[in-house]
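See the structures that follow.
The same chain A turns up in both complexes below, where it pairs with chain B and then with chain C.
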Partner chain A sequence: MKAYRAIVSARFRMMLQYRAAAAAGLGTQLFWGFIRIMIFTAFYRFAKAPQPMTLEQVVSYVWLGQAMFAMLPWSVEPDLRVMIRSGNVAYELLRPVDLYWLWFSRSVARRSAPTLLRAVPMFIIAGLFFGLRAPQSVGVAAAWLAAMAGAFVLSCAISTILSISLLWTVSGEGVMVLMSGAAWLLSGMIIPLPLFPDWAQGILAFLPFRGVADAPYRVYMGNIPLNEVWVVLAHQLAWIAAFVVVGRALVGRGLRRLAVQGG
Partner chain B sequence: MTQIVVQDLVKTFRVAERRSGFLGALRGLVKRRHRVIRALDGVSFTVERGELLGYIGPNGAGKSTTVKILGGILVPDSGKCEVLGRVPWKERIETVRRIGVVFGQRTQLWWDLPVIESFELLRDIYGVGAREYSSAVEELVTLLDLTPILDTPVRQLSLGQRMRCDLAASLLHAPRILYLDEPTIGLDAVSKLAVRDFILRLNRERGVTVILTTHDMDDIEALTNRVIVINEGKILSDGTLAALRATVTKERWLTIDLVEEGAEVSDEDATVMSRDGGRVVLSFDPDRVAPAALIGRLAARFPVRDLFVENPPIEEIIARIYGRACK
Partner chain C sequence: MLDDVRLYFKYISVSVRSQMQYRASFVMQSVGQLLITGIDFLGIWALFDRFGGLEGWTLTEVALLYGMVSVAFTFADAMSAGFDLFSATVRNGDFDRMLVRPRSTVLQVIGQELTMRRVGRLAQGTAVLVWAAWAIEAPWSAPKALLLAAAIAGGTSIFVGLFILQGTMCFWTTESLEIMNTLTYGGRESISYPLSIFRPWFRRFFIFVVPLAAVNYFPALAILEHEDPLGTPVVVQWSSPLVGFAFLLVALQVWKIGVRHYRSTGS
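Take a look at the complex of A and B:
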């Protein structure tokens, strides 16, 4: 356990060094946040039928998404891509640690540090000036934190599977394009999931992506009542378990067919 | 005590072949052609505790594949292999706990972190106790002269400094076996000597078994007493370096840079191997003519700017062994 903690902490410290990237990211996310909010404002002004979310809720939903952007499972670990291309992955395999949890730890570090660097200022800016509401009660805030923790672990489990896919695809380009599209659309980062047509709701509720963004955001704004939060957590936990089990099986198979490049 | 047993190891890789040209690429879409490469083709050897073994062969001979199998990274197609009584790919974690590896062309240090933080990270990964760690670091830092660079981020180190740090990093957990894959590649003369000196002391004083792959014949000469030569996945010879040389050739090479280009250099005890402008390479048998006598004679007849004597490069030796194996 100590080994994995040390890896997370070292990589976390490393990621904290990229402050310029975080500042630039913050600017970009603010900009996109404005554009998305303008679109939704226009949409709500001309909407005739009552919508499942108020515009106010949508605004908070958008800002939460912008703040937690760096946490989403849309990328393959860039360091691992380089390692597998160059053959440096050999050193990863020479460590007396379980490869699945090693890569999972990498993913934890890769998601935690940038999210922290971006989310805190984003909450302050969007909360003070741009209509991000605070949670209605301490209970809601606590439920949101729990759901956020679940979202974080789920996101790491998904991205670890993406990393493992590198053992087959080497470049990871295709997986990344497919995955980022799916993760963006199906997690509610483009359009909040409650605004999708009714026929899609069943599928969206089943798929794992809801758990990394939409569900915790709706807990935050009270759109999912406190007595239903356990459904969100159970959904996240079930998917986490599934991804971990599949991921570990894939690592075992991937290693058997591995041909370390070079040398 | 036997530490490593390798028996009839076979490892093949399937490589997809691309046909050339546009039509070839189109045909490749429909039907892939595969070529099977036998990286290891029935390799067997054993290594005793405390040996310093040179494992040599040209590029693509199967050296690194062997090391990767011994380190549990690759799974062979068939054959037996035991490292410290364990099958590496079946008990990967327990095996790698007791071995250290340095790939000369790659670093195991974290690129953006200061060296000492990489060391601390490895300490936690291998679960080295606080007391063992501090005494290991202290010893390695002194032996490899790392004090001035411990706080430098790895990306700012020179190749020689990086290699010394990589050596230290591979030894923090006090491994019983150390695999060194081209540890002196690209190093300047001073760094090479420092690395060699360190490897020797490690082997003699701590009894660490070392398996060394290299293209540098001087590494082999300075360090090892047993050499295994491998080519195209097969072991061609296994024995002392002197025996290897003696069976192949005693010849040495003399390279001369002449002041005047185009002078017709020749000597009855040497054969001219190549002429390129003012540079002439001669081969001679040191039993027939002493190097000093040959140099004296040539220098008396031709104005010489510079010269040096060397052993035929490893590729030459291998090429000859291999050529003989074919006959």
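Take a look at the complex of A and C:
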């Protein structure tokens, strides 16, 4: 356990070095948030039927997405890609720790620091000036934090599986493009999931992606009531368990056939 | 001039041949781009499915806006890889070599690469555009087809201009700035929707500062024979694509100023 903690904390501190990038990213994210919100506002202005979410909720949803954006499983570890292509992955195999949890820790570290750096200023700016509402009660806030923790672990588990897939595909280009697209659309980053057609809601609720963004955001704004939060958490936990089990099995099989590329 | 064109095609054929060495990777990346941009349009479709319309605009009309900007952006993006990655050229001193060759620097930078895998995105944009052109109610005519072509050419010019400006900034900053992505990608995203839905400050930005509206929204109004809540005269709608070419000329002038300002990093 100590070894994994050391890996996380060392990489966390490394990621904290990129403060200028975080500042530039914040500006970009604000601009994107504005564009999305203006588009949704226009759609709502002429909406005839009542919608599954109010416009205020959609605005909060967009800002939460912009704040938590760095957490989503939309890429494989760039370091690992380089390692597998260059053959340095052999060093990873030499370390006296379990490879799955080693890569999982890398994923945790890569997500935590940038998420903090982007989320905190985004919450302050969007909360003060641009209509991000605070949670209605302390209970809702606590439920949201729990769902957010679940989302974080789920996101890391998905991205670890993507990293493991590199053992087969090496370049990872194709997997990455497809996964980032799927994660983007199905987690609610393009449009909030409740606004998708009604017939799609069942599939969306089943798939793992809503657990990384849509579900915790809707807990935050009370769109998912407190007495249904356990469904969100159970959904996240079930998928986390599935991804970990499959991931560990894949690591075993992948290592048996891994040919290290040169020296 | 003719000589420059011939040289450009020579550059490009080298670039294309080198990319075709990795055929499997090319196919996979193209298909990937096709799917991922398809997802993009799925979002617009879902919103129309849910809300039924957007301030008097139908899905097919918005699809025309989307297709126009998507095709223009893709052309520009494929051509401008040299400018997009210009910070590397400055950092490792390759630009010094370009300066000593007896050809224009713009030609050399733009000749570095024609990104073939964009063909996937081009296919998606073209498909949406063709579908929209077929499905809109307003009748087509030869002048309208010409206007559409001019608007796409003008749009390509603006995006190329933006990439050139992004490269030009490297003369001062060495690093490429993320902020320019806001204009290129953010511009493409927002201009796929009718300009009239945005707030006034935002509209003015895309009319007067980065005139993307002039190569998309205004000509589209003329093609669709759509009433403009902003009240632009028909003359403006038909002539606005020219603004795109003007923007490119300005960007080229700024580039020249940048080149004069250039100081090698010494590496």
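Basically, the second predicted complex is superposed on the first by the 263 of 263 C-alpha atoms of A that agree within 3 Å, B and C clash if a C-alpha of one lies under 4 Å from a C-alpha of the other, contacts with A are read in each partner's own complex, and residues count from 1 in each chain.
Keep this in mind: a residue touches a chain if its C-beta (ideal position, glycine included) is under 8 Å from a C-beta of that chain, and two chains touch if they have at least 3 such contacts.
The structure presented is a predicted model; accordingly, all values stated were derived computationally and were not measured.
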First (chain B), second (chain C), both or neither touched by A:Ile190: second
First (chain B), second (chain C), both or neither touched by A:Lys2: first
Which superposed partner A:Tyr91 touches (first chain B, second chain C, both, neither): first
Partner chain(s) touched by A:Arg256 [first = chain B, second = chain C, both, neither]: first
First (chain B), second (chain C), both or neither touched by A:Phe46: second
Chain B versus chain C as contact partner of A:Val246, first or second or both or neither: neither
First, second, both or neither for A:Leu178, with chain B first and chain C second: second
Partner contacting more residues of chain A (chain B vs chain C): C
Chain A residues contacted in one complex by chain B, in the other by chain C: none
Residues of chain A touching chain C in the complex: 21, 24-25, 27-28, 31-32, 34-35, 38-39, 41-48, 51, 171, 173-174, 177-178, 180-182, 184-185, 190-191, 195-197
Interfacial residue positions of chain A with respect to chain B in the complex: 2-3, 5-7, 10, 13-14, 17, 86-88, 90-91, 93-98, 255-256, 258-260, 262-263
Complex interface listing, chain B residues touching chain A: 13, 64, 68, 71-75, 92-94, 96-97, 99, 101, 103, 105-106, 108, 110, 112-113, 117, 120-121, 124-127, 181
Chain A-facing residues of chain C, complex: 25, 28-29, 31-33, 35-36, 39-40, 42-43, 46-47, 49-55, 177-179, 181-182, 186, 189-190, 193, 197-199, 202
